[in-house]
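Look at the two complexes coming up: chain A is in both, with chain B in one and chain C in the other.
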Partner chain A sequence: MVSLSKKSPEERLNICRKYYRAGFAFLPLLWLINAIWFYKQAFKVEPYPQQAQIRTYVIRSAIGTLIWIIIIVAWNITFQLLRTKMGPLGDFLTFVYPRGYY
Partner chain B sequence: MRSSVIFVYLLLSILCVYCSQPKRIVDQMYISFDHARYCVRRLNGTHEIGCQSSASGNSGRMYMIDNDEEFNSYLMNTKLIDSSGSFIIVLNVNLFNTYYVDKLITSLSSKLNGLLLYLKSTPSRPEYFSHDDQCPNHRYSYYLNQTEIINWNSKGTGLFFRSFPFPIMLIDEEDDYKQLIKFYRQFNYSQSSSPTCGLELKSFQNAAHSSKTCIRRNDISHSLIDLEETFCDPVGGLNIYSKLPQSFIIIPKKRQPKSVILILTTTDSFQMFLKIKGTTGGAQQPATSLITFLALAHLIGQEQNEFKQQDKEIIFVTLDGDALDYSASFKFMFDMINGSFPIGNQNEEPIKVEHIHSIIEFQSLSLTDKLSLYTYPSSLINQTFIDTLVHNNPMIIPMAVDSSLPPASSQIFLRQTSSLSFPAYILTSTNQNQLSNHYYHSFFDDPSTLSINISSLEYNSTTEFSQWIKNIVESFGQTLIESFVGIKKNVTIKQEIINNLVYCILKNINCPLIHNVTNQSTGNSFDSSNETSLPFSINTYPVAATPTFPFVQNILSYFLRDRIYDTYNLNETTCKQYSNNDSFCSYTYVGGYAPSIMSEQSFDGYCVRSYIRSVSSMSPAFTIDNYDLSQTTYPAWTESRWTTISLRLFVIPTRKHEIITLVIGILLLSVSFIVCFILRYYTNISLLQPSSS
Partner chain C sequence: MHRLIDDNQDSPDEMTELLKSQDNDTIIDGPERPNITNLPDVAIIQTSTDGENISSNAAATASSHSRVEAIDPQDHETTHRHRRNEQPDEQRPLNIEHEEIFKYGASHVVKLFVPVSLCMLIVIITIKTTSSYTPGGATWAYTPFTEDKSTNTQRILFSLANTFIFMGFVITATVILILLYKFKCYKIIHGWLILTTLMLLFFFLYSYFSSISASLNRPIDMITICFITWNIGAVGMFCIHWKGPLPIQQAYLIFMSALLALVFYKFLPDWTGWLILGVISIWDLIAVLCPKGPLRILVETAHERGEQIFPALIYSSTMVYMVTAVDPPPREPQFAPDNVDTNMAVNVDETLNEEQRNQRAAIRNNNARRQLIPRSDVPQTATRREPARYVVERSNSPVIDDDDDDEKGVKLGLGDFIFYSILLAKASALGDWNVTIACYVSLLIGLCLTLLLLAIIRKALPALPISITFGLVLYFSTVYIIGPFSAELNLGQVFI
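Moving on to the complex of A and B:
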């Protein structure tokens, strides 16, 4: 397990930046982990020079996670409600068909 | 120390041997009924019909209703209805009609979790039991556009074509009924305070919504997952046709207009309640018509020298799939209009609509004193043919000119040609616009309705029924010869042949007749259907291993064979050589069916030269590219797939019993926790100490 307290501040910033940048590849879980893991580092620990930068990354990751949650929940609700009403399109998008039910 | 270990070991093994029961506990909890009939789901272009249960089965408290008074008292007994969350109603089969079923559905709504019908004993079967519509096959105006709608099957309930959200099963064996009533009386004394019986019905169907959705889901396969799941199969079997192998119209010779006569019958039926390895019904429709058809084919084959003198071809056609919206007839007409009838050799000139002289159909025949002859249209029918037929057989009564036709495949033949090309003659058993069949499209349609005692029927028993068939077939054959060959001749068919046909089709397919007309390997395929009658049910594509098609193919082709080959003493290799030279006919080497052979000499084996073709009878809806299955141009019936069907009885304990079981369970759990804790506490201490040995 990586323990952030054993890493130097530059290494911490490096990890945070890597997670932030990788999250743009449609990986919202990375942003979620980034926000949770570095929350203590960004807001609760004694200030050090890299903290401001870490703080921006954490806030942006949190915003990104929120946007993704909204998109995923909206699509889930739409699909659940409109799957049968979409006709052939609903069937093409479904991966596993409910056996015995429409 | 050693001896005590051995002693404990011995004791445990003895206990295991004596106390272990080979039966699982779940087997002791349930009584299963393996011979129950079940209802399945079928779909057409826009709707689904039939029954559906949940994937793990529908269970509920059992309540038996035997007659009308019990029915009314049950519906008024609100205390009983409230006592349980779901019910499985066990209904006497006489009460299975729209009135009672609709009342149950409206009163119980979601509490009705399933329906189990029972038949008390074979003699107590209801007088009428048909769940087809009152006017069969009238959907989407496939019915010939005639002014009045006649209810040919007036006692039909139409329940087959309704969609039920719960499973329906039927118990028709007397032992099952006795077992059911024994448990019911044992447990269901008072209303709520004693243990009651419960039933679980499982008949989960894979398909849903409509054929269009189902076929689309069959075809979509996501390539990441390899397994393709098929939800439903299109309805269709084989259309079989055969004729005398006398002359062939080979291109460039032209076929004369109005030179082909088609003789039609069907080979399928449906039942609302199916059973694995059970009777399918179909004795009156289509078995009687099929037996008449095959016997007539034999007669024509017998008199083939007469028919060689004239230029008309008589083609015998069996259609499979007409019970549901005439799928097979649509396919046959589709092939004919598109030039692929007859199939097989490209050098044979196709038969088109203008070449058809007339069509004759045997449909819904029953053992009746009078038969009705329907003809349409009046502008094209040959009155002399009808007069000759009535003269030869006074049983046949011609119906009024242009009267409405009964449900028959000819309706589609006429519809697709706008009734302008050829006339249709339909022989059927109706009385005042009512079909004589009380069990139309039902599994009760068995040989007892034809006054045949099936248990005492032998291979060569002459019954009233087989004599009746002989009468009809001989008069028909005589009429055909008079009308087309022009000579008056008394033709006879041996009673033995008809007796054998009746035995094979209605009692045991694995009969000497089929072995005599097939070669060794084909004959052996019938051994697995020993002691079963010919099944008449809905066939699906891909064609399952039903014996109906090989049976009809082999018998029809043998009866219409080239009889000159009966006088040749050939062996198998010569027969094969003949088949290499002839691309129109098929040659098989068989043992020979003695009653059919006219020549005095008899040989060990005969080479049979015959003309036989089989075409898939699936509706054109499934074979035309980009056809939208919800259109009504062609019927689009499919049958759902299913895996396990089961019916089980169990006992629902009283509320007190359930609570005691729960409390004991919790106590046992806590006691075991305490014991483990104590053991752990003490062994913890002893493990830390060095062992003293």
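Moving on to the complex of A and C:
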């Protein structure tokens, strides 16, 4: 439970930076939260010295999220279409096997 | 074990001061407020043992408010007092004080309803849609006796044995937690907390997804599942143990409580479950209210040391433990022992297999959480998550900004969430919506009453007993008396 308005600008920059850097570990959700959480700070609040840096982080986080979403959707479409045709690899990658009905 | 702690435990003088200070815009923060950044923000999973601690800490800070005139830097409630000291007491009319009491009660109750209801909703929806979360599957290390017995007498005996074994785990976990807290082994508690949430977030989430996927009957690939689990788990660790946006934190707490409740529901045999619910309520009552009760000792120790309750495992509706811009450097890790599930401490069992150990740990962690908040006295099983303590922010001081929010408000332990959800899950197992709704309403009424008592008594209270009693009474009476009665009335077309 943190309120961004209660923190000093340096702390906000620190949090934003940590979220941004941690998102590189295959964590687009972190980037998404970073972008949404700091959106107001980056664009809607009066400028303060660290705001420019926060703005770059937010923009890059948003772009990163979009890229990841595209990757995930593409992979899922590929998997759903080619699952039965991939042979053993398809079975290996499947997490749950759908039950047949009778 | 769940305790609702009324952070606003001010003496009447302080109240008037508080009321008066609301007219002021001065906000004093900084050196008087302890730095709480190093406290984990959310440790919901800690079962009840932790919950109580939290509440006790909150209570401690709250009560220190009334004790001390001077500003104690360790007591960040004094900052409020400091602010309020500027105005003379006589100017506060008494009716405002009463207004504050009532206002405090109503808004907090409503704020607590939403997360509790959400948690129950998640549990019930999961149970109804998936078939793997039904009880009677594998046996559990905590309740080793099965209930497949031929006679009822035998069944009751074995259920009682299960219950006592379970309670033994819980009590041991609580006691260990308290010992750790007394001897200031904060690092151990902290590490344990992190381990618990780690296990909870990743392992239980993974099994949850496997159940959901199996019931949906769609093929999902391993890569996507691992990716989703990794994302949700990592973000959860961030939000809970470090800083994160408040709604996300609350959502994680609710979700963790729901997961734990599902695990409990799956592994508890039928009669054992009911007995455990009853015995835990009694234990909660004892541990919180008796002078020698472990949770009470925890609260008082935390109070003496002027430390805050471990915020992890507490559900807070407001910004709790906010770090202000000019916080002084942290004095020491302020661990609220509450957060740590005493149950967690008990989990070292090399003989169990991995899964059992994990579950045990999960339960322990959960228990710790429960303690903090209303569930203060249930240090029980570590795997039980403590009900998130819901911290209700006092909305009656609009002028005072968020700094006060942390200190005010009711905290509800995560353990309470979990046990409420378990009760409702068992009530919904019959498939009869009458029973489910009756139990739901009774739980909420119990919560209201507990909050009312909290507002009047202003001390840490267990949140479990009243609600669980109402729930149990209503469940059995609805199933055996009211259900057939309404069916008969319906058949005979008699409308009352």
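Methods note: the second predicted complex is superposed on the first by the 100 of 102 C-alpha atoms of A that agree within 3 Å, B and C clash if a C-alpha of one lies under 4 Å from a C-alpha of the other, contacts with A are read in each partner's own complex, and residues count from 1 in each chain.
As a working rule, contacts are C-beta pairs under 8 Å (C-beta built on N, C-alpha and C of every residue); 3 or more make two chains touch, one makes a residue touch a chain.
Just so you know, these numbers come straight off a predicted model, no measurement behind them.
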**Asked** Quick one: chain B and chain C on chain A, clash or fit?
**Response** fit
**Asked** More residues of chain A are touched by which partner: chain B or chain C?
**Response** C
**Message:** With both complexes overlaid on chain A, does A:52 touch chain B (first), chain C (second), both or neither?
**Reply:** neither
**Request:** Please state, to the nearest 10 degrees, the angle that the Cα centres of chain B and chain C subtend at the Cα centre of chain A after superposition.
**Result:** 80
**Request:** Figure out whether A:37 sits in contact with chain B (first) or chain C (second), or with both, or with neither.
**Result:** second
**Prompt:** Is A:69 in contact with chain B, with chain C, with both, or with neither (first, second, both, neither)?
**Reply:** neither
**Prompt:** Which of the two partners, first being chain B and second being chain C, lies in contact with A:88: first, second, both, or neither?
**Reply:** first
**Request:** Please indicate which partner A:97 is in contact with in the superposed arrangement: first for chain B, second for chain C, both, or neither.
**Result:** both
**Request:** Based on the superposed arrangement, let me know which partner A:27 touches: chain B (first), chain C (second), both, or neither?
**Result:** second
**Prompt:** Between chain B (first) and chain C (second), which, if any, makes contact with A:80: first, second, both or neither?
**Reply:** second
**Fill in**
After fitting on chain A, the minimum C-alpha spacing between chain B and chain C in angstrom comes out at 5
**Common interface positions of chain A, toward chain B and toward chain C** = 92, 95, 97-99
**Prompt:** What residues of chain A sit close enough to touch chain C in their complex?
**Reply:** 1-3, 5-8, 11, 15, 19, 22, 25-30, 33, 36-37, 72, 75-76, 79-80, 83, 92-99
**Request:** Note which residues of chain C are touching chain A in the complex, please.
**Result:** 41, 210, 213-214, 217-225, 227, 230-232, 234-235, 238, 243-246, 248-249, 311, 316, 318-326, 402-403, 406
**Prompt:** Where on chain A is chain B touching in the complex?
**Reply:** 88, 91-92, 95, 97-102
**Fill in**
The chain B residues in contact with chain A across the complex are 52, 55, 204-209, 213, 216-217, 220, 222, 225, 229, 231
